[in-house]
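Chain nomenclature is as follows: A, B, C, D and E, assigned in order of appearance, with residue numbering initiated at 1 for each chain independently.
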């Protein structure tokens, strides 16, 4: 007998229910079952994960999913979540798994920063009618541009390191084919290509169907090295070495066997049905010079034609690590904060490790400036960017661009039920079950993502306009346009911003 | 240009619509020996319990005027001069530029030894009306022939409260469909509904005894009030018998419905067409073939290009409460694979005949929904070896077919609009 | 005018909401709850939902280029109107010749008469297409 | 007094500059006449001038103009100067003390030579470092100009009062710039007035840049300390950084500060496109957005530059061998009623005039 | 073609290699190699190379076709994520040989260091193989998903390194000699060879001996096979 109280209540209004059985057919968790002989839809509350699929699909709005408010007698120290976790562990002897980013009530510094706007002394700009530039190039910039002059004709002597061109400083963060469905991957890829930005393959390799989006693809090389071959390196526009992930610093990836279908198995070159393990360390990187070695290997293998990204989780000495990464030759450094998502992580790690991207970004940007090497690398901030305002704040703190993933999933249908690791995602996102993956039509997914980023672009332009800035690079690191609200002096200092009113 | 159509059945109507899809201007003359607007032959039974022809009209009354067709009804064709392109009717000659022969078929009425009274038949309105008239004072009817017309007529007669003797020479009704199981089920159904079914019986002679008729069979002797012969139909080719028109079991046409004579086309029950399932020319007198042939001929007559679909037998019928659809070849040979499935309780029966992996015939009884999916498989000669079991046992389902097959089907019948 | 509704089977999620909306559309009240809970003679959906394992889709009349049903109908009850293959309920006698020839199995049998999708041809977009949550049903019109 | 404000200094202004491309000198009273026409663009909280060619007696020495708050600061500064330089001559800057101005600091000028013989680049780098050292590290001392044969005269007051105070009619130069200031906060500190000078660069500036902190933090990576928190300071340093340290020609440096739009760059022929793309990408931190017009003076030329959206006024007038750049035409007409031509440069298009008469 | 690598850095050497391939060279002899890394990284061609001297780390990394014959020891990370081709080493190898190897063969005459064959993969017909002449360090075949490792233990009676095949979930390791249970990593099982194994070993060892210029034959009955106990050795770690 299980001692776990159902987390959700599924209420069905019988006056509205027409017994069309859409709910029965749509719930992959088996909450609804139809009994023909009694003409009855039976509801099993305990199976409900709170994804709301049934609620949204019900044509008569007959269903309501509510949190089980009677769930234990909570107190401020013992939350229902804690009590349930203990019970589950007592029953299974296993670690509690969870999906998505850190959801605990740690400070969100995005919400403690306000944007500046222009009044009189310098004017706001109307972004709808005046030019407003969001284009961003990611890659190592030279220390200085050297020119050559021939017959009074000035041209470029310096050969620039490889760069990728973004028409918006928003990219889609790494989510592997395997952790998410091919339709989700294709939605991201096609949206990135429509938007003139990039999506990241994650560590799952690249399905042949997605090769056509190569120009907008960042290929990841992680410790499991899934799908890394010359064709992959040739196809992707940039290569990202994944060292860590914000949601689970120091923890590797683990794609449960349920999700390793035959197609995944082909892309990853592992037996189907086995767990795909991407352990925490790259076994050829146990020291910073080893990282340099891997960067160098990738550059040699790609003939120095593609920028190499290095992605790390935001941890307490990120600044020093970042400096090392720049000196190891990375073209772009990606910092992933602890609100960044994951398909599966032990919740003890996710909830207690890492740090907010805001802080990591602020200290890394400052550290690289202190060392005068900020221009040698582009910084991409990731992990919990929820809105254009977060993105703008990140860029004002010093990021060149941001990665979004959870927001992208939500755009595609995700309701943050945080059960990605079960592989039964009702929205067809984090699943490989062919019954479920077809629920995401890439044409729709791509359209929603395109709409999301397009609307963020409009908002970013609006914000830039309000600041009197008309090129995104003039926002980069422009911390004067940020003010803290409710921050301690120390927090302000770490973030490198003044308090509102100063 | 003057198009002349002889006949007023489905083939003739198909031809008018085919011509008009290409040519809205030229003259069309339609000649029919019957004095009625085109009506649906398969629905002829209804004439037994209704008074006018309205209920079985094949097209609405405005059809001829809407399509600018001049009609000459109630006149017989006497002869044709194909060289001069002249038709001789009872009292006039008509010149044609393009001619369609769609004279249809006529009833086969046997001679019965010793009987000189009227033997009714049931293949057109006149025959139906004449039968109907005589039925008012007749109660016992002998129906000769267990084909579709005989069985269906018997069903109508019994519903009208008559006593019916259905005399069938073979072991079961509808033996021409080629499936013994269906015959067996129908035999029972017919008997359960009160028809006196006499199987494997031959009429030896008949004698008129007053208003009664004594009918002597090889095994029995019965007394009835009337005899209706339903021994099938033959192509109506009499006006052409002495001409150079090539006629076997019907007028021979090619896949464009052309006869051997230039500018002369034929369509419908009067023709024999190539049946790829049999690999021979056959006369298949069914309505879909007639309409399609006429339509095809009409297009070709008016300068278009159309090829007739593969032609093979197919039937949809309801006998009392039994629904049946058959199609293609059910008389299997040894090299064919025959799969069948029977649920006696639910009165569901299905049979598939497969040759070299391809479906060549199918019979459905009871559950006939989506039969067209099988029909299409036969028509397009598709290989179903991988899904035959499912087609046999499950509901017929488009998604049972392999994906590429489905895509081809969609492509072949529909067009991408944008 | 030409019309085509077809189902992209890669994205049919088997919810069968198309059937629900089709039923409602052809019901007397046009209201989903009334149609289902109170109208006794609610018209059944004109869609045919079919499934094989995870592959599924709704079949509706595909408005064939050269419709076989028109040729087969023994009563001339099927014709093309307004770019749509329309079955005239008055004329239909339930001979099932159309059922026998439709290559998609898109014509359904009612009690005594056949019925089929009319492409909601008086509407701008057919209700099934309009309400398909995954845009698996597509509508083409020209 | 707090030498370095915490808060960013914001000001509206009038700017004026002139150059005689043949090197003929004009008196400081001429430019005073011109700037005073635009009296209403200032509010009396800052005015200043820079003149080039004003020290013919010491043409090869760095002329340091300094503000001191105290004698102690002066002593410390001199000690520091002595470490790097040989002081050829120094004196209190001559002023007319009848002019009533607030918070007057101690004003002093030094004519110095490097102790070692160096290349021009290293000599200038040494001087740059010394200036940064004094400004950052000596309490109460501030170098306001540090070029050769030039000087900056500025303070808190209307420009005409500042001119009178510094007895500008006593100086004559071939390049002059002038500034009348309208700050919205009142630092009341003389160092905050324009022009801002570093080496021979001087900037007078109208407007406020929105990209200030991006530019500041970018510069601070390369040894600049933007203690004044003014746009003028940042813009001066950016020119110094791009032209002196990165060897970029001034017109290209202008294309970095007021870059063409990407859409325009995309349409350029390949060679030019690659060049401008590289410049914009590499020096992204130097892009100025927001409204500004500046007049940059340097040892052998004068340049006017407006922001790429042309949000601030700037016009050029020419008469014979003299070129005038001003916020308003009236100021030019005051001193030169008959002009050969007047035009308004496009946003982002530098109006550059060199001493030898060549202009770009 | 002969390439004197003295004084050349790795980029220069790789450029020369790519150029040689462009010029249609089929074989390249590289003399005076010492420490230059990443040689043949990402090279997609069937060229043959004879390498004289000790190449640096990541030799043949992400390589897709070449055959390299090294007349010396090799260092760490050789054959990193290699996709196809062959590396024959007439000497010892360092750590992490054949990391995530996806195809091709690596033959080593002597010993290899730690974590050899980690993350090896395979799909369908594409099966990477590593054959080691002497012994291998700990964590041999860690996380191995597929592919084959053979250890011939020529210098000793059996392999006594620890954590052999730890976390492996596919593929096979053949070792000559008897393996003690305590040397095995978690989730690994010992079994004897079946016909497929023997047939495979016979072929691969013939090829190995040919490449090593040796006539040695091996008794296939003296081998054991390590394979995963379960395709999901860590499945029960989590409570859902």
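General observations
Heads up, the rule we're going with is that contacts are C-beta pairs under 8 Å (C-beta built on N, C-alpha and C of every residue); 3 or more make two chains touch, one makes a residue touch a chain.
For reference, the UniProt names are A = Archaeal glutamate synthase [NADPH]; B = Coenzyme A disulfide reductase; C = Hydrogenase MvhADGHdrABC F420-non-reducing hydrogenase subunit B; D = Amidophosphoribosyltransferase; E = Formylmethanofuran dehydrogenase FwdC.
All of these numbers come straight from a predicted model, not from anything done at the bench.
Both subunit A and subunit B are touched by C.
Relative to the centroid of every protein C-alpha atom shown, the closest chain centre, again from C-alpha atoms, is found for A. Centre-to-centre, using mean CA coordinates, subunit C is 79 Å away from subunit D.
Computed centre separation for the pair subunit A/subunit E is 36 angstrom, with centres defined by C-alpha atoms. Between the CA-based centres of subunit D and subunit E the separation comes to 67 Å, rounded to the whole angstrom. With each centre defined as the average position of its C-alpha atoms, the distance from subunit B to subunit E rounds to 76 Å.
Multi-chain contact residues, meaning those touching two or more other chains, do not occur anywhere in subunit A.
Those residues of subunit C in touch with two or more other chains do not exist in this structure.
Residue positions of subunit E touching 2 or more other chains: there are none. The set of touching chain pairs reads A-C, A-D, A-E, B-C, using the touch definition from the header. Within the complex formed with subunit E, the residues of subunit A that make contact are 88-89, 91-97, 221, 223-226, 228-230, 233, 254, 256-257, 265-266, 268-271, 273-277, 279, 283-284, 293-294, 296-298, 300-304, 346, 421-422. Touching subunit A in their complex are the following residues of subunit E: 10-11, 14, 18, 37-38, 41-42, 44, 57-58, 61-62, 64, 76-77, 80-81, 83, 96, 99-100, 102, 115, 118-119, 121-124, 126, 142-143, 145-146, 167, 169-170, 231-240.
Taken together, the subunit D residues at the contact with subunit A in this complex read 6-8, 10-12, 184, 207-218, 220-222, 245-249, 252, 259, 261-263, 271, 274-275, 278-285, 287-291, 308-309, 311. Residues 13-14, 40-43, 56-60, 287-288, 291-292, 295, 314-316, 318, 323, 325, 327, 368-373, 375-376, 379, 390, 396-400, 403, 406, 409-410, 413-418 of subunit B are the ones touching subunit C in the complex. For subunit C in complex with subunit A, the residues that touch the partner chain are 8, 10-17, 19-21, 32-33, 36-37, 54, 131, 133-136.
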